[in-house]
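What follows is a group of structures, each given as structure tokens.
Look for chain A in each of the two complexes below; its partner is chain B in the first and chain C in the second.
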Partner chain A sequence: MVINSLININQYVIAAFLIFLVPVIMFPLILLIGKFSETGKRISGILATTGIFISFILSWFIYSNGTFSFNPGDYYFNFEFPWFGNITWGVFVDPLAITMALMVSGVSFLIHMFAIGYMGKDPNKHVYFAETSLFTGGMLGLVLSANLVMFFLFWELVGLCSYLLIGFWYFKPNAASAAKKAFIVTRVGDVLLILGLAVLYWMTFSSNDPLSIYNLNTQIPLIISRMHSNLDLAIAGALILGGVAGKSSQFPLHVWIPDAMEGPTTVSALIHAATMVTAGIYLVARIYPIYLYALPWAGLLVLYMGAFTAFLAGTIGIVVNDVKRILAYSTISQLGYMLAALGVGIVLGESTVGYSLYHLVVHAFLKALLFLSAGSILFMLLDVRDIRKMGGLWKKMPITISAMFIGALTLIGFPPLAGYFSKDAIISLSYYGYLHNTALFWAWFLLLIGAFLTTVYTFRMFFVVALGKPKSYAAENAKDPPWVMIIPLIVLSGLSIIYGLFQTDFYNFFNGVYQMTTMHFDIPWYIEWLPFILVLFGLLVAYLFYASYKLNPDTVARKSGIFYRIVKNKYYLDVLFTNIIAERFMVILAKLFYAIDKYVVDGIVNGVGIIFRILSEYFRKIQTGIVQYYAAIMLAGLIAILITVFILIGGI
Partner chain B sequence: MDDILIYGVLLLPLVFTIIPLFTGKYSKAVSTALSGLFLLYVLYIFIIEYNRTVYYNMFTMMNGISFQVLLNSLSIPLVLLVSLVVFIAISYQNKSIENSYFSYIFFLEFSLIGVFISYNLIFFYIFWELVLIPSYFMLGRWGGPRRDYTSLKFLIYTHVGSVFMLISIFILGWKDGFNFSYSAAFPAIQNIPESLKGIVILGFFLAFFIKLPSFPFHTWAPDVYVESPTTSSMIFSGLLSKMGAFGIFAIFINKNAMGSYLPSWMGILMIILGLTSIVYSALVALAQKDLKKMVAYASIGHMGFITLSAGVFVYAMANNLTSYMDGIKLVLAGGLFMIFAHGIIIPILFGSVGSVERSTGTRAMNDLGGITKMMPNLAFIMVGGFLASLGLPGFAGFISEFSVVVGTWIAIGFWAFLLIFGMVVAASYHIWALQKTLFGPYNNYLGKIGDMLSNELWPLLLLLIIAFILGVYPYPIYHLFYSYSGIIMGGV
Partner chain C sequence: MIQLWMVLFLSTLYFSIGIMGILVARGGIKLLMSVEIIINAANINILAWALNINDSNGIFFVLLSIAIAAAESVIGFAILVSLHRKGKGINLAKLTDLRW
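Moving on to the complex of A and B:
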């Protein structure tokens, strides 16, 4: 077997393979021992958690060794085998990949630990832990892939696991339907992504490993100079962005994520923090040179898709009452920030990837924290998800709600928590971009308003849940969950608080990829503080409406009339996709084609058959039963055929 | 390779044909053992002859026509596929069927292997027609309520295609001195008058595209697949359609055979037929309420990828995209790999649907629901099979769909949106069917039902594992097809 690599096999390569293979192998292992023994079922959670902890240790091992010095040329390694045709598979590790691997395995480990408590009583918990293990393994494989086709394999594996996990309680009709919706909507993105890969394939097919991430990161300028055109690159970028929209739930393919809340809350935490949705952001960052060298509209598409989604999802978050859905819309909105940060890079250069990834990591901590604390609440409230039925929980479950408070403050970007350093940096970044290119103004504006919206929806949720009086029997009897669920909350709270300290170090580590120094942008101080002012304003608004009840939100809703209705109905996108396209248009189209198949295509076949039957009825009269008569006709026929043949031969 | 081994490939199934008739109540066990041993035998040949070509002249008749066989990187994997699917189907079949059923299966295996290894058009044609005989009986004797109509339709429809091919073969034979060997017959096309060339090409075209089946010649297929007993559906959809695919790659577009003589618009026509097959079958499948019929249309959809890949190659040849040939190789290999992938995956679907029908007594999706609760093993197999069928990475189907989709871009550009539309619809109906049958609340009207029987579970699990292995590590098969696509392009 030909091995195509930049380095020889060594312990780091083996470690990199094991990072994703260990959790993947846990899948059949847990499934089998859980199926055949009760003890196996009991220890399934511990097994899965251990597997992911091993991945985390291995990621740390690679991260902490000297491979990542900042000398050019030795901050990555690439190791590939032939796979099929001229496509390869293998591992590619650079600061970007290892950052993601650390984040994914670390956060997933904490969520798994929480799930030992949360899923403890489920009769099928071995299936759950097998699937989440595979889910995490898939994400780690995606992160470390050396080739976009292999990347796509894991990309779909992650999608498959989310399908299975959202539908984990398959007997609930909502869960089954949400799983289906998640699969089909992300599938729309995925086929666009395949097409994007097709365009890229035809740009690189003559090299010895087309679609390899190493080649795409190093040889794009070469390819551009050979093809004398960057239109194809822009088309590829736009198509790939379709896949990103599906996976990272950006407008207009974001509709699956709120429904995906039907699964267990720990699954939501995995999807929103560690695995799945960050895959799309990672993809754009992974093949960033494509957007950098393509026609600028591809990058602007990235920017405005992100900025618009950040704004749009923020508005919907304000009117939703399901605690998990509020968090879901918040995720959509924050992913918009990450994508927008990447989009700004077409003006400011590759170093914005670091800004995006920093927010991604911070968001992973805080969103895992928020989902797990929401999970603790639902665990105690027997899965009542309506925030209007909660209330007064701060007194009842102090540790959980304090953790949620830290998560909420981090989410809105309150200094000095980590969110302040990650999110406000992106808003400032977009303003700095606007100073270079006026096309970025509205992106900055949307992101800025997004900061205000984030504050309002987050603290609307928090105030209603935590303050006031308990509004249901379950809420009155809530208490803090067991320790196995509390420890992850504390760890994540700690990370959310202190991670801001590492902002500059993170950017520096990261920019090693592009051998660039971290950018210092030069914008007026009042622009820099504007997001924080809006956050304070948002807090005031949320306090007046939802904590002190000085103002009544229903009055505002009534007065705003049509705007409220549009937002409340999620801009009618669900109606458009589900009710009009899927249930009307596609069903009618399918029935039409079936009718054509039955009556036209098959009708012709049967029609020909009937014609022959009628003809045979007619010719039956010739069949007199006299053998000589038949012989004469056969002879005549034979002669006719022979004459025809001879004429044809003679005619040459 | 020893000559005797070659005889064994063809003649062992023929010998097996009579054995089940004399083994009484053990015929199922004996047939399973025989087909399993034959599978190992073929696997042995696959390994020792990996990526090699064996040409052998079995015998020469008095009139100078010889029976030559060719085992190469296309026919050996196909023979392997035939023996695998036959083994799976026989293992899946329950015992309570007449012994002659197994005889028919072995005779079908013999004829199919004959089709795939013949290197002489006359013998190719004989085997091609021989296939119809066991199929007709398997369908006509053990089929569903509409078996009379369906078996007749199947016989006449595919026979009409074959007759056109026979005319073409005779025209070729008349120009090559009645030798009929591939190596002699196809170069003779250049000596044929222009007016007849079209007829020759049309004859092969009809035979192959009816058998494939491709839109618009596909309407026999859903009827046949639905009316057949489960094991016959597995064999028909998994293997019979491969005759058409084999014909397309080994004869129709092959530069060493007819490929050089195709008219320039043939590529576009095949691309259109392939695209239409994919989109059309997906939409029709979406409208189905019968699970088995839906699977039948899914099978037609997969065949669209084969037509499409062949079409892209012919188009590239006609439009002189020679600088892209490295990439086109990937497309052809993808189409060829679909033969194998589909042959493994579609029996899983028919098998699991068969188990649903046996256990619940119905195939109508609206009467099912939530049966995962009662049939967890079936749910595992069925989810796996359906995901493999919709082209999810990690299963063999993805490798070929990806190759074809990627390659199609160079030929048709943004028309590829039609293709991906078809793929999304395909994903939708697969997932939708899973939701309606397996998930949601249990339909209590079904009463208490049992899970898959062990003779149903293990064969399908084996296929699922193979589909998975070939999805992750397709190299052993894909490499053969990748080198065969070089032959299609005119290499030796």
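Moving on to the complex of A and C:
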């Protein structure tokens, strides 16, 4: 058992375990007291929030004391117990893990606080809070786990919780089917992931601690030298990337996330900001060396999956009318940026984990902010989600919409908000990569266009929601929500505004760990400012179409004809999956297996029965019911046995 | 002087007659009588061997066997009587309720 740089359990190890155990323990606790008492139901939200807050404090404890090591000079600590076979379980804490733990627990804490107000009137709110608590605990466990097997268990726990929470209002048929869709689509990814883990295990089982994060981060060259080629690594990486695509909703498995909007808005905020979709990005960052040492096409796959998704989701975001779905497509797009940032680093052979993680954290803040303000709107508008029925809300609910404004500006990367530092850095990074490797040109191009599209769909949403006249009765009577929902909005707005200050510190935090070489890119100034120019252009376009109505979007939609139809139908991916793959292919396959089961397997079982029934039809006639026949046959048998015995023994 | 083989021969003869009776009997009474004859054949056999080796245990076993045979024939007669009361008769060839 490798227990490196570790002698004894100390308070940091206990804290690291408690970070994910506290919310997990809260799950049965809240369920039970909520089931048996009304008071328990009322305080369930406060309990869950407290649990997450404890996790946050513990994460901060490790972070603030953190050299993350028992030996000076190391940047991590790793504590493992034997589990089964030669697999271990335990915690692995390094800057990457602790950053994620802080982000997850912090953002989840604010969302839980918001949910106290948002879910306040739901009769099953103890179930809701128990499940979100488990959700957050699962994500924290995933972040801190020391072994990919343990990682996979928590990964599945997160998937299960997302299924339960998306379908929380299970009496709505849409919600039930959306939950099912989310579960099945991520399952497709998980099959690929577990195959990838199998390949990795096959490559590492001869070492004494296979699949441990520590080994995968430090001993990949050793593993390669042992007999495996970097082709094996590339195959494992590509399979794992399939799991990432399912969880982090990358093309082509992104289809579940817009439908997942049927759940409560706080659940969407949790999924998009803190607990679910970032798990995939984290996985790639966690086993970064695998991709670094794999064949180059694995890195290009990561890069182009991200860049293409960033572009594709942006185009769909422009034509969707559901406020939450617009945000969902923007999440898909931003996750594409994070994955592309990692991909650039992999292709260049350097570590860009800092860039990706910085955007991930900023995105968590701004997306939680946007979802929570959207949640306030829906809370006040009684679940009207079509942006065409809102309008004029800035005057009605000023704090909420101001928060949304800050979130939107951060999302498009408007300086000096945090999004400018995180997203433009990624675009500049990809151009820097292009200067070194021409294969990266299209990635840069797609990301650049993505920035423009982000601006257009974000401000299309914002202008339609905030400006103009109220377009429904509910919108006319909206006002700001109660303080328990306002405070998280203010905190997240503040973070979105000031977090840009920490860009350099954030990169440095990862710098010592992953030896990132480049901090400032040697690229022309006009390339560096190009994203901002496109953002301004996007703002102008959105203003002309949706605020001043100088241009009519419907005319443009009609003129663009087939393009509009394709985009409006989400590139027919849902049609492809449902109507072609599922109905034409999978249903036929299912029928085939049904037939095999019915006619071959059941046929064997039933056939044996039929044969014996037919035989017995004849042989039962022996049973005449006349006693003397039985006696005669018995006697004949006895004589036969005696004769046989005498012959065998050889006479009397 | 009566020899051992003579008694054993008698026993075998009884046994064969009993078996024959069971196989060919038409009525239930004859069947029961045949069974008694077979049991008697066995008793004679035991007695013959017991006297041959001067062992008194055999005599008591035969007494026990006779008692059991009596009890058994009582049960047999009871069955036959109840069959008769139900009007089915005691012709063995026609008592075929328990066939296929």
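Please note the rule applied: the second predicted complex is superposed on the first by the 572 of 652 C-alpha atoms of A that agree within 3 Å, B and C clash if a C-alpha of one lies under 4 Å from a C-alpha of the other, contacts with A are read in each partner's own complex, and residues count from 1 in each chain.
Note that a residue touches a chain if its C-beta (ideal position, glycine included) is under 8 Å from a C-beta of that chain, and two chains touch if they have at least 3 such contacts.
All of these numbers come straight from a predicted model, not from anything done at the bench.
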{"item": "Which of chain B and chain C A:473 touches, first, second, both or neither", "value": "neither"}
{"item": "First (chain B), second (chain C), both or neither touched by A:171", "value": "first"}
{"item": "First (chain B), second (chain C), both or neither touched by A:549", "value": "neither"}
{"item": "Touching partner for A:483 - first (chain B), second (chain C), both, neither", "value": "neither"}
{"item": "Touched chain A residues, chain B compared with chain C", "value": "B"}
{"item": "Partner chain in contact with A:601 - chain B first, chain C second, else both or neither", "value": "first"}
{"item": "Chain A residues contacted in one complex by chain B, in the other by chain C", "value": "none"}
{"item": "Contact footprint of chain A on chain C as seen in their complex", "value": "19, 22-25, 31, 92-93, 95-100"}
{"item": "Complex contact set, residues of chain A against chain C", "value": "620-621, 623-628, 631-632, 635"}
{"item": "Touch list for chain B against partner chain A, complex", "value": "153, 156-157, 174, 193, 196, 215-216, 218-220, 280, 283-284, 286-288, 324, 326-327, 329-330, 333-334, 337, 370, 372-373, 383, 387, 392-394, 398-399, 402-403, 405-410, 416-417, 420, 423-425, 427-428, 431-432, 434-435, 438-442, 474-475, 478-479, 482"}
{"item": "Chain A residues within the chain B interface of the complex", "value": "82-87, 149, 152-157, 160, 163-164, 167, 170-173, 175-177, 179-180, 183-184, 187-188, 191-192, 194-195, 197-199, 201-202, 205-206, 582, 586-587, 589-591, 593-594, 597, 601-602, 605, 609, 648-649, 651-652"}
